[in-house]
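So, here's a batch of structures to check.
Both complexes below contain chain A, partnered by chain B and then by chain C.
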Partner chain A sequence: MTANRTVPAASRPTRSDQRPASWLARRVPRTRGARRAALAGWLFVLPALLMYAVFVLQPLALTIQYSLYRWNGVGPATWVGLSNYVTVLRDPDLLGTVINSFKLVLFYSVVPVTLGLLTATVIHRVAAGRFGSVTRTVLFLPQVIPLVAAGIIWGWLLSLPGLVNQILTAVGLGDTTRAWLGDFDTALPAVGLIGIWVLLGFCTVLLLAGMSKIDPALFESARIDGASWLQEFVSVTLPSLKYEIGVCLTVTVVAALAAFDIVYVSTGGGPGNSTAVPGIQIYILAFLERQVGLASALAVILMLLVIVMILPIQRLSREDRS
Partner chain B sequence: MFLAALLAGCAGAGSGGPQPGGSTAANAEAPTCGTEPVVLNATFETGFDLPFKLSEEFTRQYPNVTWDIKQDQFQNLINATPRLLSGDNPPDLIRLPTMVSLVKDGLLKNLDGYAAGFGWDKWPAAQLAQNRVATDGTRGSGSLYAMGLNYSLTGVFYNKELAAQVGMTKPPATMADFDAVLAAAKGKGILPIMVWNASSSGGGLAFPLQQLMAAYGPTQPINDWIFQKPGATIDTPSNLQAAEHLERWIKAGYFPTDANAIQYTDANARFRGGEGLFIFNGDWENANYDKDMAGKVGFLIFPPKEQGGSVAAMSSPLTYGIAANAKNAGCAAFFFNWVATNEQARKINVSVGGSNPGGPADLAIPSVASGSVTNDTLAAGAKVAESNGAMDFIANATGSIFAQGWTPELQKVVGDRQGAAGLLTAVQAEYKRELEQGS
Partner chain C sequence: MRVSRGEIVAGRALLLGTMAVTVLPFLSILTTALHPSGTLPSGLEWPTDPQWGNFVDAFKVANMGVLLGSSTFVVLAVVPVALVIATMAGFAIGLLRIPGARVLLVLFVFGLTLPFEGIITPLYFLERELGILNTRFAIVLPLIALFMPFGVFWMRAHFVNLPGDITEAARIDGASMWGLFWRIHVPLARPAIASLAVLMSVWTWNQFLLALVLVEDPAQRTMAGALGAFQGHYATDIPLLCAGTILILLPTLVLYVLFQRHIIAALLQGSVKG
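Up next, the complex of A and B:
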């Protein structure tokens, strides 16, 4: 249990680091020097803040505004209040995309974080040297490849004449071959697999970095106390990685809920609507149907969904900070 | 959040008010490009040589006209067209993915004045019908808002070597004959029909479906539905027979098992590589088929239900329009007229585009190299015109009926999750929803 108290302090900024900031905040108005420092601070922040306001806050406000109108993007807009939201919540096809994106969370988030933890532990324990860094690099490579290219190549690999089916046939599993991205039962898991491939490396590298910051003395004392590998993992590694796991979950859950590129390129939302996700629907509504209001309403709902999913993760991973 | 921001960012760029001036009819006029330097501002579709070649020839004949050409993928043009037309530098010539909403927003120039001036209204009426929009927003009649650079034709391409193997010595005369050829191919282990049906390319099964619809019933109700005539429905008894026929083909294994994962380019590559006796496609692929299957590819019109019955085919103009506020609208209209009537332009149109150049009925269609499949498609086009069987494509009825209706529902039929009746009901419901929710 010492781990819980000590490790976070060593692995990341804690209460003692934050104190000067809050102290400063309380006393700023009282001295001229501090006031100038605060002004300088604002000046430093200003360019970024300006960009943020123009490219994030303003579009966000506009999206919320559009969501209250019926508008085709060019002609006059008609105020419709919340009726776009009612349409989204009543249309089973639109709601279905939200359900699909929750299924994707399993593949984009749960699997990569779990596998990432295992991989990072193995690399950390047995392959800290050159082999470890090679493994890390290989696993991280998908992060460097543009997702559209990844989607196209996976499309080839998973097609009926593709490499995956060739391998299956070669090892005697010819009966299981199919067009993985064109089959109603396998399309979503196949898209999920591409997500795992992309995100596993990111999670592994992040978790590995977190592990390397854990005080080795903790592992040593756990081993002296006779802890098994599993006990060590549960009592030392996991609690120390709370923050990193939180970051992994946040990034991957957002990637799942806001998925667009991989799905658009590999399946386009098909077959049927089996891989349709909100991102694709927003695109179709806004740019093919030219229903900017309805598309904006779905976008706002998606944003709220992301926030609702992310906030608890953030709270959990930061809870011992406050 | 990114999506929300992205969406707002994109939509915000096009937030200009309604543009005036598009819907007023002009007086009859037949302008020229003059002698002063003119720079035509054009937006072409990436991947198709024809407009580029035509623009080069035009400048050769009229050296005072030069071009500022932007190009983009068709899919991107669908998104970008309203903003390009309403922007500060509206194009003089632009490839149009859809028309009705652009006309409603007053973004396209009314071409009635040019049609009267140049005499386009004396050309075969069917040529211009698809580019007319009535005041109630239905297509097919009313004022002219676009012109076709040429008129494509769809039908059935076949692999001559495989046809010989299954004993098909002449094009099937009836639908039953066609069915017999399909069965014979299947019996010999030859894939009867290659098709694409992946979402990213759109459901290619809509091609054979529409041919079957036109074989079982008249074309007029199909066109009415595409042109959004009030009360039109796709869910008719004869269309149900057609959908059931297609379902039988699917169940009989006449299409590739991985159809739902095959994209347009893959399907054509596999057909050119010898996989599949037939492929339902359009004459825009002529040049590609000629290149890889020289002399080994033929084209037939889908046969009628009864022997000697009238034939039908999807035929649509390669639609280009002029922005309502275009700076050189007159010169662009002159270009349209030149494309359809100039001998050299018509030659380029047939040899590069592979399609009928249209224009006045008394102008001969330029000759094509013998052995080219273009000979077959041009001859087929004449037959379709004779029986007045030209249809627009059911995927063009609304902006997203293909992406939201036909494609997913046809995929479900392939995956055995939807039947023929359900297919038509679902697409009709989607059509209704889009018309109600759309502007």
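Up next, the complex of A and C:
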């Protein structure tokens, strides 16, 4: 899946939660008819649950199981306990992928959300009409193309004869030109740049939608109080956008931690291990080096990492809403 | 809102700059694609003799006809099935409130932020055992399953907000639950289902990891998966690679221009709904 990842539900009380229980809603079926209705209801869930159990929950359990064995994918597997996890945490190359993905969070998440806030504010203030909607459409474009395509396009742009170096030369920065994705120092920020390009439009449009829901009277009263645009931004815009910012952070953090497509296409994890992220390393370990146990331990760590990063964001952005 | 003239000019200039950064990469691969195959042009340079024939070559080399067919097959196999079973489950959890609905919801929501890399390794071995590795079903079946957390969550959000009297009326009518679902609730849920269809189609078309790992033959993959293979083969012939990339992007771009309002709305709702 692309960067369009989604966010866990809040179990906000909804209108129907307060509805008096009908025979359909009763938790414990008491009569025969109710039991039959509950059974019929379960039949509705069954296909979805079955697919989910076989092709998501089962592999999930298997990942955990594999992570406790040494296995090459073909022969017999040997029980090794937690030693795969110890290897991941001790091996600088493997642990390095986790550190790289934290650095990517900065590019994929912090920068697009900050720039998105800025861009959305500008659109909201000076381009309410047609100009604004054209901007929205254009900025959103990278969000609908495959990430693989973004990787290929930027692989070319950031290459030695590519557009980035051409522009740098044109503005007199010719001596900074290089193969950005092939240089140990710049490869990771270059991959991050691709992520910014992909995610900025998404964050902008989402935050803009949130801004248009803010009561204009709030802005008016801030202005009557003589607030500067910065004060207005801090005291009116930011607090009202808490939820949308939370959504942006969730989507982009998941995109950073689970990055695969862009890295695979643009650098393959190199040069050296400078852009290797867990997703790439899992692929290499499992399918090229046949170290299924080690790959699975890294996969479990990746999944835990996502949960650990996402939960506090969710909690913060939703705290006033329930 | 009162905004000064200077701010309008400065703000719009900033927006134009941002738009340029978004669009320039596309222009760069377009001009590059028009250079003679095998040459190494610079980033943005209109060729003296545009080689429109590169697109024909790339179409042939990339086997575009077959790729379009394969991607369309995968989308048509994934999306309708995923829509029907997600809507049914959303109906049972959100509206029928079957016993255990809350636990089921938590179970599905748990999968929402799951990185595909987390389960790709066992999926490979699982499919090897099932004998579906390297067929289109190797992508189709797990993709349907991986869409369930979002699909069920999305449809449940629709059904849980329905006013109670719709259900009551249908029940008094004596309609069976199955009939009630198809005759009343599916038609009523059409907007929610349509947005979900847009989202699932885009995600399927762009799916890369599953295609890369589970299907070796690019002709059986999704569009994104095929593009990855194309890059592997033609990484050195930049004009041809750019022409191929444009061809593979074209269907998405055309659909985006035609339905941009719906696509943006769907993708946004998709992430905000909660």
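Throughout what follows, the second predicted complex is superposed on the first by the 270 of 322 C-alpha atoms of A that agree within 3 Å, B and C clash if a C-alpha of one lies under 4 Å from a C-alpha of the other, contacts with A are read in each partner's own complex, and residues count from 1 in each chain.
The working rule: a residue touches a chain if its C-beta (ideal position, glycine included) is under 8 Å from a C-beta of that chain, and two chains touch if they have at least 3 such contacts.
Note that the coordinates shown come from a computational prediction; the quantities given were computed from them, not determined experimentally.
The larger set of touched chain A residues comes from C, when the choice is between chain B and chain C. Of the two partner chains placed by superposition, only chain B is touched by A:284; chain C is not. When both complexes are overlaid on chain A, the residue A:72 reaches chain B alone and has no touch with chain C. When the shared chain is aligned, chain B and chain C each come close enough to touch A:295. Look at A:126: by the touch rule set out above, it reaches chain C but stays clear of chain B.
Applying the stated contact rule after C-alpha superposition, one finds that A:101 touches neither chain B nor chain C.
After overlaying the two complexes on the shared chain, residue contacts for A:258 are found with chain B and with chain C alike. By the touch criterion defined above, A:206 lies against chain C but remains apart from chain B after alignment on the C-alpha atoms of chain A. Of the two partner chains placed around the shared chain by superposition, neither chain B nor chain C is touched by A:109. Once the two complexes are laid over each other on the shared chain, residue contacts for A:240 go to neither chain B nor chain C. Chain A residues 55-56, 58-60, 62-63, 66, 73, 258, 260, 264-265, 278-279, 282, 286-287, 292, 295-296, 299-300, 302-303, 306 lie at the interface with chain B in one structure and with chain C in the other.
Note for the complex: chain B touches chain A at residues 1-12, 14-18, 78-79, 82-83, 86, 101, 104-105, 107, 197-200, 256-262, 266, 398-400, 403-404, 407-409, 411-412, 414-415, 417-418, 434, 437-439. The touching residues of chain A, when paired with chain B in their complex, are 55-56, 58-63, 66, 70-76, 87, 93, 155, 158-160, 178-184, 258, 260, 264-265, 267-273, 276, 278-279, 282, 284, 286-292, 294-296, 299-300, 302-303, 306.
Per the touch definition, chain C reaches chain A in the complex via residues 1-3, 7-8, 11-12, 14-15, 18-19, 21-26, 28-29, 32, 40-44, 84-86, 88-89, 91-100, 102, 104-105, 107-126, 141-142, 144-146, 148-153, 157, 160-164, 167-168, 171, 177-178, 181, 199, 202-203, 205-209, 212-213, 223-225, 227-228, 231, 238, 241-242, 245, 248-249, 252-253, 256, 260, 263-264, 267-268, 270-274.
In the complex of the two chains, the chain A residues touching chain C come out as 1-2, 4-12, 14-17, 19, 22, 24-25, 27-29, 37-38, 40-42, 44-45, 47-49, 51-52, 54-56, 58-60, 62-63, 66, 73, 119, 122-123, 125-128, 131, 135-149, 152-154, 156-157, 161-167, 197, 200-202, 205-206, 209, 216, 219, 223, 243-244, 247, 250-251, 254, 257-258, 260-261, 264-265, 278-279, 282-283, 286-287, 292, 295-296, 299-300, 302-303, 306-307, 310, 318.
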